[in-house]
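Same chain, two partners: chain A is paired with chain B first, then with chain C.
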Partner chain A sequence: MPETSTLSDDFVRELINVGEVDILVGVPTYNDARTVGQVVQAVRAGLLQYFPRERAVIINADGGSRDGTQDLVRAASISDLSVTPDIHALRTLHSISTHYEGGPASGLALRSILAAADLLQAKACAIVAPDSTTVEPIWIDRLLRPLLRDSRDLVLPVYRRHKFEGLLIRNLVYPMTRAIFKCSAHEPYPTDFAFSGPLGSRFLGQDIWTQDQGLHGTELWIVLSALVERCKITQSFLGVKTRSESAPADLVKAMRESAGVLFASLETNFLAWSDSRDALEAPCTGCETTVSLEHSRLNRKRLHQMFAFGVSELEPVFLSILTPPTHDELKRLARLPEEKFLYPEELWVRTVYEFAAAYHKAVIGRDHIVQALVPLFRGRAFTFLTENRDASAEEVETNIESLCQAFERQRPYLLEAWDGRK
Partner chain B sequence: MAAQDGLWYKDAIIYQVHVRAFYDSSGDGNGDFRGLAQKLDYLQELGVNAIWLMPFFPSPLRDDGYDISDYRSVNPTYGSLDDFKAFLNAAHQRGIRVVIEMVLNHTSDQHPWFQESRSSRDNPRRNWYVWSDTDTKYKGTRIIFLDTELSNWAWDPVSKQYYWHRFFSHQPDLNYDDPKVLEEMWDVMRFWLNWGVDGFRLDAVPYLVEREGTNCENLPETHGVIKDLRKRLDKEFPGRMLLAEANQWPSDLLSYFGKGDEFHMAFHFPLMPRMFMGLKLEDRKPITEIMKQTPTIPDICQWCLFLRNHDELTLEMVTDMERDYMYDEYAKEKAYRLNLGIRRRLAPLLDNDRRKIELMNGMLMSLPGTPIIYYGDEIGMGDNVNLGDRNGVRTPMQWNGSWNGGFSDADPEMLYSPLMLNPVYGYQAINVYSQKRFDHSLLSWMKQLIRVRKASSVLSRGSIQFLYPANHRVLAYLRKFGNETVLVVNNLSSKAQAVELDLKDYRGNILTEMFGRNIFPRIGELPYLLTLGPYQFYWFRLRRI
Partner chain C sequence: MWQNFINELRHTMDEMVRSFGRFLPRFLEMLVIVVVGWIIAWLLRALVRSALKLTRFDKLSEHTGATPLLRGAALPSPTEILSRFVFWVAWLGFILVGISALGIVGLEEHVSSFFGFLPRLFAGLFILFFGLLAASFFSRAVLLGGVNADLPSPRLISWAVRTMIILFVVSMAFEELGIGSHTVIVAFALTFGSLMLGFALAFGLGGKDLAKKYLERRFGREQPPSDTAHEHEDELSPL
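And then the complex of A and B:
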């Protein structure tokens, strides 16, 4: 394989056989055999039902699965070689798989898919997570239609999630993105989303692929890039999002991929977000309530303990990152018993903004800064769970909205901290 | 010449022509047999070796001659029986066979047989047609001309009964349950066979017999009629040919070949729209799928392939989804839609794109079957949808850029149909004379295509083996006959394509491109890599030298 290419010769040969397409659906995988079959079948059904005339391809970028994931994706092909009597398709549908080097990493997978989309001149490109057990054929329509019909640049999903799912998104990534970039995108770090061919080519051309954000959290990075570019964005309601049960979430990793990428984007795009530009519209098609209320059990006690432990253990680090008033307030909170513990939204916003400023100033190693936010987030998560334990869906949405407004109110605080005035 | 080679129809290249539309020798505004005879040199030069004449019998012409009022004569507008004979002899002298139309299923309501039949319920010919007191019989039968007919029954005010008609109400169906009808129709066929015609294109054959509780198509009794006619033909006129017009799915078509004892040839109706579909989709899937469904036919039989004809591009043998697609892609304007089809000629259907026209003709000539060229398509004539029904694809042949396009000396107002006049397809832009002057005209190219096709029997008689390269925009197949093998590679795409072909069974063979006769690299161990320009196709002869 040529050193300069990220694509294997076999993959390029397969792309030649696919030729120019209208639609490309990318499925990044790594050992997803348990769910990916269902996902690609839904993708295929969506393409046949909603885009029967468009030239389409399913591209799987795999990080080295050993469980047969790639075979399951390839099986979704429709061709004249293997006629499936119950499938009525006007045209051939290629479903091809490539193993990218250096993985598994979602950014590397995304890069392979973007490269394929660019080579195939795809007009619209959707990414679908391999572990979305609730994926329906209509997702394909809702993700791609706004690109093809309305000439939108980027389509982001809106899901109905359990009120205690996506705590990091709801308490940090969504409200901060909304406040800083002035765009109310509910899922700025999506696993199912779509973008136009030209926007995909611009993503591919970014100089990020050897950096952290080119490996992990890349989806968030490119969404933030689209916000900076003032792209035409639409949100599509997809319904319930449930992912297959996998290993317990690694919160440090999640923090790096979300807050770390968000902070890095602030650093790169300071001029774009710091001016007083107008809000960027992101209308939502078919949006319904985003919160569901099924029974869920979370260990709040442990969150509280780890917050207190972190505040104590990382005091030297926090001295570098936080202003004394904020630090003092956190120390006070850490001493509170569980039943009296409350991490107020204004304090949480101030904390996050001080972390972002510290990241900008690189007061210590940036990765250490991001990691240090983890125990504090646990404290905020404890409060979110407590506040919303008995809340209705509407009340949860009201509380999230309140937090967003707090992030927006304190935006000037971030700018001051950024300039070193705090 | 009929008895020289019993399988002549397999090697035929048929030119479909309407006498009325080809050349007017008398100056009355209608083409005629003398005119057609004068243009035989043109057809010989083109390279065709068979002519299929559309109905030329006396007729009220309410369905362009498919409503026959006398089966044993020539419509006086087109000449006399002697004129026909002179034309036939002249064609045979040039090695061109003549296939004529035979409408077995129905007559005109002006035919004396029907006039007698309707005259009273006691008339000896009463039973030659299908009569009923009610219009509720054979309810399971579809209506073919959906745009004009509401029922397959029509009320006859004279004899006060309903009569059965599968097509227009002025075309009553003959009743083959009366043995005298079969005897009479065979006598008609024998009449023309004695004159020397080489075969018949039998119109609307699936509908000959009606039975309650069926869809009145493809019935065993209908096959019985065909078998009977074929037996008589083989006995009295060996070497003559029967061609079936049966717009049916391949599996239903198979029965029309019987065990080689019904039709010699049948049109492959389902393939034609799928060639257009494959081209528009830039995907071989519709073509290979229908070919997979195409059954093996008896050795002495042959498919008849066509791109366009005198009717609409029929979409009966496609799925609803495919029909919608075809309408949207090839007939966006509703005016182009007729019944379940599209009333357009080849060139306008293909956006007048020379590359597409060449590719489609290339496939026509290389897929297994006997190709039919519809008159005027060899020069890329256009159509006129404003002429109603299917008359827009039946305008006068365009011979040159002068008076009436060289078709007739009559005043233009006297022509049976207006000429094409628009700047793109009009006779001043598209005509035989101007295209004969240039080696790279469509006409010259068609001559070359036919010449190469005729140079060997492999494309007319050979077997087919589809290759399935991973590039679905490329349709590739091998044709084999005896020791000869030809590789055909078609790029259905508007963009250049690379394709790798699995030819390992032919390792060591050298490819010779059949048009330019240049050699291409020898086939080795690796997949054979070819690149093709937009809509390009190759025919290669494979030889181990």
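And then the complex of A and C:
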């Protein structure tokens, strides 16, 4: 039974007019007028160029934009593809823009898109971020082809990103996901990804849509669910992904969406990850180096100051979360001058694992535990920036690999802390 | 006359013996009530202690800040204190019931007022416990928010929030118990008012330049300050 209760009557009517489809591409938006037109054009071009025979629909789920985003989506949907005049549609390419209630929240947008895919019985479904300014038509092929040709369940992206972008993903989410769930998915919190219709229906049937992970960080949650379910996962190299200017730099929000969701997933899926299961393969198609080296002007000094300030001010909170040796080590680090400061990877891994165990035991409010990790992450980010300031792409990748191995090595430590033996 | 004296003495002795005969069963009844009450109170204590241990009450109290406070004063854990409290309240109740069974005129009123006070006592303790929990939660939220927003003196702000909530809660609890309610309310109003006035003065005097700059910027007389050191810096990209 399709989950349509969250969809408006008008939207359902439009979907019924479309009928069954093979491919659905969802574009969740909120005040993305600057970039969304270009994205929808690229999606259309990709569908027409690479899937001319498939029945396809583009669904824009908007969270109540006030900058005319929906108008731009509609305009882009009916505009001529002047950049590629040789493209001709064999079937009508439908495009629907809808406004979901309760937004803006990426989870709510995703839920609307999943419900639409379920109703239209789409065989394959892709989600494309509205701020992917570097999106190319071939991204649609690389995301959807493994689902239709190779019967994969989930396609995750691999981007070439600046070495100092996605610091939280590279220093926490990716290595920890890899160590815990034994799957080397480079982008476990993707903004552009694709999944099969049946997997989409299973995501939709999950009991998360009224919880925090059903509102923010939902993409990470469903990827982790796919890892737990041992789905057939593949990774596709999409190309360069530049940081959107509108991307939030709010670390607390980012920490809630990433580490918060990851910790919640560990709590829910303890039985699945705590056993010694085999590694889950996630082959990468067309993978190249994932690091680019343009100049960056990040203020490291401020990161160091905020780390030291956080460690001294949050002492009563850390006493509830961390073991005395880890806490003492952090206090020692906080006293070091900037030039001598180094947050070693082993200590960082121990810190994160102790936070995950504290989250499990709910030693204080869980949201407070996640927030308390923010100043410590600043210290780790400082060290990452320092270590890789003059590093080549290969050296950066080697350093990330070393951190991943530290997370894997200390996995038993997490299990001990989880049981309260630490 | 001698015979009359003997008769009166015998009569008095008979009365005494009859009174004692009437009192003895009541006294025995009281003793039974007190002893049975002790057993019931002891069982209640064991029951409450087990229930609190099962529900990890000590952990919850740790969040309120009550446990560290008790530990600092070399007192037992909150579970132990609460179970002992239940024991004494229950046993005291039985002792009073036993005393009222003696039929001493005037005591019944005190006994019934004690039982009338019990619900208010529990309501007061309830307010105090959850108030402390709220004080701990909100002060920690303020501390974390302050640190992550890089505000100056987040611990001081957090302490101020905690103190204000505790003051508010204690005054509510005393009001519920009916102990010097007017005095407590007046004391709370004075303390809270003076704290607010202090903050207003501190922020007003300390932050007048900041407020002036903000207002000037807000109403367009001055352009936003261009901190050349930060102007061209990239922001941290976490995701």
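Points worth noting:
By definition in this document, the second predicted complex is superposed on the first by the 403 of 422 C-alpha atoms of A that agree within 3 Å, B and C clash if a C-alpha of one lies under 4 Å from a C-alpha of the other, contacts with A are read in each partner's own complex, and residues count from 1 in each chain.
The definition used in the following text is that contacts are C-beta pairs under 8 Å (C-beta built on N, C-alpha and C of every residue); 3 or more make two chains touch, one makes a residue touch a chain.
All values reported here derive from a predicted model rather than from experimental measurement.
In the superposition on chain A, A:Glu14 makes contact with chain B only, while chain C stays out of contact range.
After overlaying the two complexes on the shared chain, residue contacts for A:His94 are found with chain B alone; chain C is out of touch.
Judged by the touch definition given at the top, the superposed model places A:Ala279 against neither chain B nor chain C. In the superposition on chain A, A:Leu342 makes contact with neither chain B nor chain C.
With both structures placed on the common chain, the touch criterion links A:Leu167 to chain C but leaves chain B unconnected. Taking chain B and chain C in turn and counting the residues of chain A each one touches, the greater count comes from C. When the two complexes are overlaid on their common chain A, residue A:Cys287 makes contact with neither chain B nor chain C. Applying the stated contact rule after C-alpha superposition, one finds that A:Arg55 touches chain B and leaves chain C untouched.
Residue ranges of chain A in contact with chain B, taken from their complex: 13-14, 16-17, 19-20, 52-53, 55, 79-81, 83, 88-92, 94. The touching residues of chain B, when paired with chain A in their complex, are 277, 281-286, 288-289, 292, 319, 321-322, 325, 468-473, 493, 495, 497-500. Considering their complex, residues 59, 62-63, 137, 140-141, 143-148, 150, 154-155, 230, 232-239 of chain C touch chain A.
For chain A in complex with chain C, the residues that touch the partner chain are 162, 164-169, 189, 243, 247, 249, 251-252, 254-255, 257-258, 296-299, 303, 306, 309-310, 313-314, 316-317, 320, 363-365, 368, 371-372, 374-375, 381.
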